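Which chain is which? They are A, B, C and D, in the order written, and residues in each are numbered from 1.
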Amino acid sequence: MTGAGGASSAAADAEVAGWWATAVSKIEPDLIELRGHPVQDLIGRIGLAEMIWLMLRGERPDPRRAALLEAALVSSVDHGPHAPSIAVARMAATCGVGLNNAVATGVNVLGDVHGGAGEQCVLLLEDVVRQADPAAVVARWRARDKYLPGFGHRFHTRDPRRDPLLGLVAEAVADGVVPGAHLTAAIEVERLIAPVPMNIDGATAVVYAELGFPAPLARGLFVLSRSVGILAHAWEETGQGRRNKGPIPPSILPDWL
Amino acid sequence: MTGAGGASSAAADAEVAGWWATAVSKIEPDLIELRGHPVQDLIGRIGLAEMIWLMLRGERPDPRRAALLEAALVSSVDHGPHAPSIAVARMAATCGVGLNNAVATGVNVLGDVHGGAGEQCVLLLEDVVRQADPAAVVARWRARDKYLPGFGHRFHTRDPRRDPLLGLVAEAVADGVVPGAHLTAAIEVERLIAPVPMNIDGATAVVYAELGFPAPLARGLFVLSRSVGILAHAWEETGQGRRNKGPIPPSILPDWL
Amino acid sequence: MTGAGGASSAAADAEVAGWWATAVSKIEPDLIELRGHPVQDLIGRIGLAEMIWLMLRGERPDPRRAALLEAALVSSVDHGPHAPSIAVARMAATCGVGLNNAVATGVNVLGDVHGGAGEQCVLLLEDVVRQADPAAVVARWRARDKYLPGFGHRFHTRDPRRDPLLGLVAEAVADGVVPGAHLTAAIEVERLIAPVPMNIDGATAVVYAELGFPAPLARGLFVLSRSVGILAHAWEETGQGRRNKGPIPPSILPDWL
Amino acid sequence: MTGAGGASSAAADAEVAGWWATAVSKIEPDLIELRGHPVQDLIGRIGLAEMIWLMLRGERPDPRRAALLEAALVSSVDHGPHAPSIAVARMAATCGVGLNNAVATGVNVLGDVHGGAGEQCVLLLEDVVRQADPAAVVARWRARDKYLPGFGHRFHTRDPRRDPLLGLVAEAVADGVVPGAHLTAAIEVERLIAPVPMNIDGATAVVYAELGFPAPLARGLFVLSRSVGILAHAWEETGQGRRNKGPIPPSILPDWL
């Protein structure tokens, strides 16, 4: 936008176009294409989980892979009102912000420790798959951090989401839908560090890794999944009429509050 | 937590329980129930759109209603990189925050004007349905604000998402799946203010109102839908290696930048 | 950016310039002007409170008005770890997000109910100042909402911040620094609804209204003030090593958690 | 909260108290203490920059150190409407969210790359101060990343904020107010990598390091400083009446928009 006239203007055109260029969507008057598909060809013809896959990867999955993704997304929508992502959204909802702001508040805390374990577990599983010696990989990871991402839980001894998810992956492996290497790796890690159990981050990491999602998208997919629970809780809280909800009921705060 | 001993402690127990009480989920060791369903009964057996319905309303929808909801959720995932919600998420992704923070940044701007039009359009349609005289309702709304929520667009003369969504609703009305009053109201409003066309907020408002979602959840559902596009764009931007992306390419900023 | 060559390019230049035009700051190579002042003339020569005034209003305040603003900003930095804005930031800090994200999480919940009371109280005071009959104004506001913004507190019977702030305003009125009408209005309201006391939102609203800040900036200034406490708490929490802190210690959750 | 009666209730009391324990503030009915100071002793008697120091570090600074901190906070409030933190806040303000949400949106993008350079620069300077050989330290850092945090700028050849800030630090060193080792280190680094100039992150890092702030607080302090500019821009944008502002004016988007 140098004002230098025609030639540089054409360059500027290209520069603006490039600055916001995207392969995700194309919007023109009366035209909306998502990953190359006119939106009217998608509405009513593609499921939400397939749509997520299409938007993130640029291609539609086959039904079996879409179903695996959908199962993982369903599995981690909520973990109760004391999960930080849920709790902060409920508190936000009482402070007079929009429902979108309450959801954003919850999503914003799904950081490396809360929402990032799945991402790190995919990296761990990829590491195990690549190496000859799973025990050595586990030892190396544990030397860095006593918490192995995707394993262990504060109070579940056997997370009820583990078996159904691994079962679906195992079926998919049997049918040649996914390769199975990451499932094998995860079970081997679980055996090596027994009795610390695989948790939901581990089980979904197996799904996402088997489906070929890069590790950072394990966090991204968790964000989409957990947003469902965050919204449900924020909406419920909205109906309860509290104002400026703190973490602890005022009447039982220490001594006086 | 008064320290006054057993009796008051029992009261305090109840108070804490009540403060974070929820009908959405129940979490105990090795038990996760979502709206009363053990999570292992849902994984692999319920679709993501059905799950959203279940979490928000406490009951599972029948397949036809679930399909309508899914179509609406698919329809509004993205509207290009210049939509504020998408643009700010892309910019956030270049500033060194987590992928969840980039998504939260995008969701956070889906306010009354950007993401709230669907909510307001549901209110408008409910108003029309309740009143004898649609023209009077429209006149009253337009006296308050020249923009009628759910109608008009900066550059689409006919939003390509309108016909497929209304077509699905019309089919559902014909089959007795939904009542149809809000569809009729929306078409009547569109006729009254022609040639201003119904937009995506209007078309999805018809779906959500026909399905019985309260108005604020039109915004909530839009948040879930748009989060898909926000994530896809933020992820794509992450791969492009820009740092601290501003809105306009530095090389063509006025004069010098 | 039509690509139509020189003439339209000049128009496009103007359009881009206009789209991001601002009177707040001017940035060119080796030049930074803030509200018309080269930044090097401000550094070391202007206080932070004065700078806030300059940035928001375009002119430097005299020292007495700057001191009043500074006193109000100091007064509301923190209200303990159970204030929602502080609590959510502390929780965020344990989830593995950046310190900026933790602060943003806290600021994000300073909504109409939590951070907006000062804004609404300025409107109330302006209403009282404009009208002949304070009692009628109060009655009208109370008919809309039992909570009168800026008055009443969950547990302070006399907020310790009220007297020092009102005392400073009274001195400024005596010296002709500010007009005093809003101070008079606030004290009259407090008398009318006794024994409900003025709270910090009310006392700071008096300061901001006397200084001529428009009502929405009462919320904006509270955001700047509270950010200090939010940061201090988030930083302290960071040093305590908790992971994914929920609102209630796991060991005392009802029954089992 | 085990319900087991008196004894365990006392333990539960302690647990709740410990879970939200803080040295930052103490709130009781009619009592507010910030870092041990009754708030009424602070209002009108302590400046905002001193208050920031007190809240973050637990002690009041002497006037010279407070003035240095204040100068650094003043210096980085704004860098024009195209800085991502400012731009996203302006866009947010047009989408119908609260002013606090617009500020939070801006603060949320002050991530490792945008707002984190000061933090990393403090680490670099500490590294240089600890080592015998500055050139070796610089070489080691540059081997990891071609961008040395705190040095270089897209378009300033000499950042106008560098000289005034370093001048104030040099005076403080001459007067024995701060030790000077980090100033020396920064100038040495600048010499080693000439002609790449020190930028604002570098100059403020010198101040914060000389004042003894731990590195992560360089980001925290930048957040407080930049929040001033973010608020000023969001507020200005609010007054301009745009709706759903995208990054580029619709009329000049490529081809058609």
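In this section, contacts are C-beta pairs under 8 Å (C-beta built on N, C-alpha and C of every residue); 3 or more make two chains touch, one makes a residue touch a chain.
None of these values were measured; they are calculated from a predicted model.
Listed by label, the chains that touch subunit B and also subunit D are A, C. Compared with subunit D, the chain whose C-alpha mean position is the greatest distance off is B. Interface comparison, A-B versus A-C: the pair with the greater number of contacting C-beta pairs is A-B. Once the centre of each chain is set as its mean CA position, subunit A and subunit B turn out to be 19 Å apart.
The distance from the centre of subunit B to the centre of subunit C, with each centre set as the mean of the Cα atoms, comes to 30 Å. Subunit A and subunit C have centres, each the mean of its CA atoms, that are 35 Å apart. Among the residues of subunit D, those in touch with two or more other chains are 1, 3, 12-13, 16, 20, 27, 29, 82, 87, 96-98, 100-101, 104-105, 108-112, 115-116, 155, 245, 247-248, 252-257.
Put simply, subunit B touches subunit C in their complex at residues 13, 16-17, 20, 27-29, 96-98, 100-101, 108, 247-248, 252-257. On the side of subunit A, the complex with subunit B involves touching residues 1-3, 12, 15-16, 18-27, 29-32, 34, 38-40, 42-44, 46-49, 51-52, 55-56, 67, 70-71, 73-75, 77-82, 87, 90, 98-101, 103-105, 107-112, 115-116, 155-161, 163-165, 167-168, 216-217, 219-220, 223-224, 227-229, 231-236, 238, 245, 248-249, 251-255. By the touch rule above, subunit B contacts subunit D in their complex via residues 1, 3, 5-6, 8-10, 12-13, 16, 82-85, 87-88, 91-92, 94-97, 101, 104-105, 108-116, 147, 154-155, 243-248, 250, 253, 256-257.
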